[in-house]
């Protein structure tokens, strides 16, 4: 394998993992707070559409990202309402919201844009200019050739780590997920912290969705998320909810996915369908390898109610 | 400072149609220790939850230091008004350190960032002031129960609690730990704190409380000042409404061959550390062998190995000559081994199921309640009805969810399930922990009955009083080893020394 | 059979218009397979005026839902029903037997009955043209082709592409990639970026919605793209050189006319093709690239087109 | 005491909030329809008649109901044991693959072929689930994630088969397998419809599962779902039970795949499962994990899908709007259970 192949593979890896890093980071809050949130996929598609739509009309990508974040928070709030206030089964709530998100995004797109001969497009995020850094052989094209969304995701890795490890809020998130009744007894508003966490998760997912339409591509289509939300849910688990590991795990998945594409292109004699399954098989294998060390938060998936013993 | 730290007037709290607190009046004087007594389910914990704010009363009035506290207040508000509570089940996050647990309770508005150093310093200072001996960096999960308890107390003190609610704090402590604990309580009282102490051990109340309130069926059954004239019997009569028999007929009727023989048993604990080392002993037919020892010296692992929940790493054990080492729980159950687990709520019962279903958890495969494929509803009803009568389970019907039963009645459900088959070996782990004296008496009598029927009983207990009351022989465990066997006549002192690992009697078993 | 005959009052003309239903597996704005057909049908609609009335249903993606859709239209008295995709083949055959007076048209496939037809595209020809063009304009000697699912019509196109390219330069390096999905444009983009990274400078895409991803990759890497089905030049004027355009309106017109004329139901084995010969397959306009390449390129393309027409270039059926 | 009367009025009382919330969801849906310029009354009329209006449409509703029902019955088995098997799609697909494989590549006489393919599907489904179970029990791998990932893997596997080794050699290169012999296909129950005798099997499975919950095995499944420690202590082999339960759960989905092959598809094609898996997840939970409840909720959902498709065809309402209405139904029904519970509590207090 020559140098170009590896450069292409690695830079593709960083690119393809960006939305997964973001969505999985959001799930650090959500899952650590004890909520199993299967709505990520639906939230991402909503973020993808809303981000694109607002960027299209305002001609401003940042506004697009912001609005995608807000839309993500709205879906997060919906999920929080169902899983915390209604105390609904979280599997059903998440599945319902993914259904809702998929339907709603598709519907809204048609209502807003109608049927066009050519799809509406925006000028998407351009690669960040790192000057001389970009010219360093190997390192330049691999690390310094991407648009802002990737570096934004990297920054959020640090932010998430900081929030979870260094702030009172992060500690409270962990407490309400691990042992909500203890948190309650300490005067922490379990519902409030759980709401905040799920909404934060929604924010990240919304942003993740928008990176697909504004960073990765420059338009919106209905099937743009294509399971990336579910991958994020898997990634955060085998990263054991540690932001830096989330980064690595997402990169691993991105790498497997990019590798299968590159292998197909150069004509490896394996049926394309089997190569396409590679990232998912790898995810299962990694999960099997690390699961022994994965301890879900004590209150994971269980609605908290003060009066239940 | 006002004369009364807490005044609760006319408090009522309903769960569904049942009144857990029924027009209760309760007064705590400043700077005193107030005992709160009552049978299981009398409403003690509920009353304290209402005071602290974890649950809200349906009617009544609460004054704290003379000022009214809204009925619908939150724990946060309770803490702000100086109330601290140490719960029956500790409210500590086991995956976090002591310091982190403290940080959790602090106000975030002014300090969004964690600053563990400040907190650590204060923990060390407070811990020194009241000789609590707490390492701020220890993980809660690695602390003994006694230590966790002290963490809880410290946590209340940290938040400047002037009223401390302690819900059955001694239930999980060894007698030595309990005595140390009382020293701390006295120091706190001296420092001007007002303390509410819930306990089922009347001796303790008499020893340390200034006043006592007794609850019965959600109502106040009486209040008394503790002075030299108060006797245990008075209190127990107030609680149960009759005299409680604490003199069992322990005379041995049968005593025969070895039933359970344990040889050189070794095992590891969850963390992979050695928990049992070369343990050998035998329990005879018609005998109660008690295992005494400070919690965490291998008793739990021993029980688990004997009932098949844990694999031994070496050694073996035989029941009636049959080797059961490494057999599955199902196989061991089939050999008539019964087990009363220490943690009845998480390991002994399906809390959200009915009494009926909990009663047949073990026997649902037997012909008594099922056919070739199906469970027989009618047969189950009869069996459950009979058992609940025989074991005097107090409930609103067999459909009652077990989680709504009092601790004593929960334990009775387990006893009914485990003893109804006439066990050949009964392994009982702290079976009376947290039970009121009435229930305690009942459970001890049941164990004696098993013994008298020719069964072998292995009683693991941290309660020396219990051990000396009903055991025929006492094996002391320390660090996963046997320190030797003691006869009850030899006295408590030697057992205490052996429990502390000072004296090894191994040689003259 | 059907339960409910819906007889609709028609406006002023008095004659009943031909009721046509179009069932599409994807969305009508996918800038590809479905949209091309939708637009072709729209054109016929405007030509025929009140003689026909058309109902469109999009996104019928689940195979189990096809038959009820066909049944529903047939039983409500629709005269001509299009099922735009190979997966409609078996359902059409089943339903057509129950509704002998209804006409059915299947988009790509190989089986028909007396009241159904197949319309298809000689994608091998289109691919051949694109392959030749790619080989003519590549500077690196490396070209690529990206498809969605590895389906027959796509496969035929890809094989044609390889054959066409090799006819120009037998030693050319051809990369091939399937996303395995008709809709995940981002995956197609990543595949295209990878090809460009490895030195490919022209890519033809042949899948449905995924084409957008390839065009976007071309735009981002500033490399060349050949579009498929609909000319996507507007999306990246400096990168989309040309492409192959489908003109479904040709076959639609023919089919509709046959039905209107009463020619449809009395014939067997009705296959309608769009190909280079009937100009249903056309190389798109080169727009601003017209002047970029020497005349020899365009001459060669014309020569190939002629060769296909007069049979000197034979493109096999490429069945797997 | 009037036990029967009480029981009926109880069921009524339990159903009422669900019925009201379905109506609420439809009402909001009507608002959205009106806002987007569709006549809500007309649209709903079409939806209803599209699902129940004629012999054919009702038969289609039942045809759609069969796989949803059977998969969600299986889902409910796992859910009862607190095992979140949400991979109905993959398991359904696996059942279909094995069914076609046996029928196409074996030369058995017809009744035997039907039997063998059924058993093979059941076995494949069971092994599939058991494998998920082994990963869960032995390696602590979260089943939500493994079942999700397996959905993708199996979808690609199916794709591989129909584009590769199982492709119909007479199929001119189109991605599908050979048709299974028409003799093994189910008989149609109504002429001119797709309604097939698989319906009886599906209904039989409802009854079977109902009975199962009253057996000793069923009791064990529930026990493990409630509290693993207790189950272990009472002599159950919890790991074995987890593996078994997931196996049974997946076997149902595989049977659904088998039924659909024999009933409607007759062969393999890409994307055979569509969105059945996630629909089955919510249907199982909406049905309260009770076999008869699931029967009702799967009927409701298939009616929404089939009627919704009809609404799309004849009113031009995009199917995405139908999806929105579906999700609203779920949201309202789960919210209503909360309000129902609160009300009951209050009623009790005032007794």
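The first chain written gets the first letter, and so on, giving A, B, C and D; residue counts start at 1 in each chain.
By our rule, a residue touches a chain if its C-beta (ideal position, glycine included) is under 8 Å from a C-beta of that chain, and two chains touch if they have at least 3 such contacts.
Not measured: the values here are computed from a predicted model.
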Just how many steps, at minimum, does a route from chain B to chain C need if it may pass only between touching chains? 2
Top contact pair of chains, counted by C-beta pairs? A-D
What chain lies farthest away from chain C once each centre is taken as the mean of the Cα atoms? B
Rounded Å distance between chain A and chain C, as computed from the means of their C-alpha atoms: 35
The distance between the C-alpha centres of chain B and chain D, rounded to whole Å, is 46
Hey, how far is the Cα centre of chain A from the one of chain B, in Å? 45
Check each residue of chain A and list the ones that touch at least two other chains. 273, 276
What parts of chain B, by residue number, touch at least two of the other chains? 351
What positions in chain D touch 2 or more of the other chains? 156, 159, 163, 318
Provide the full list of chain pairs in touch. A-B, A-C, A-D, B-D, C-D
Sort out for me which residues of chain B touch chain D in the complex. 14, 16-17, 307, 309, 328-330, 332-334, 339, 341, 346-353, 361-362, 364-365, 370, 373-375
Considering the complex alone, what residue numbers of chain A touch chain B? 166-172, 174-175, 178-179, 181-189, 295, 298, 306-309
In the complex, chain B residues that touch chain A: 15, 54-55, 74-76, 79, 85, 87, 90-96, 100-101, 103-106, 108, 111-114, 155, 345, 351, 403
Quick check: in the complex, which residue numbers of chain D touch chain A? 36, 79, 84, 86, 135, 139-142, 144-146, 148-150, 152-153, 156-157, 159-160, 163-164, 278, 281-282, 285-286, 318, 320-324, 326-328, 330-331, 334-335, 337-338
Show which residues of chain A lie in contact with chain C when the two form their complex. 4-5, 7-9, 11-12, 15-16, 115-119, 121, 212, 216-219, 221-224, 226, 257-258, 261-262, 264-267, 272-273, 276
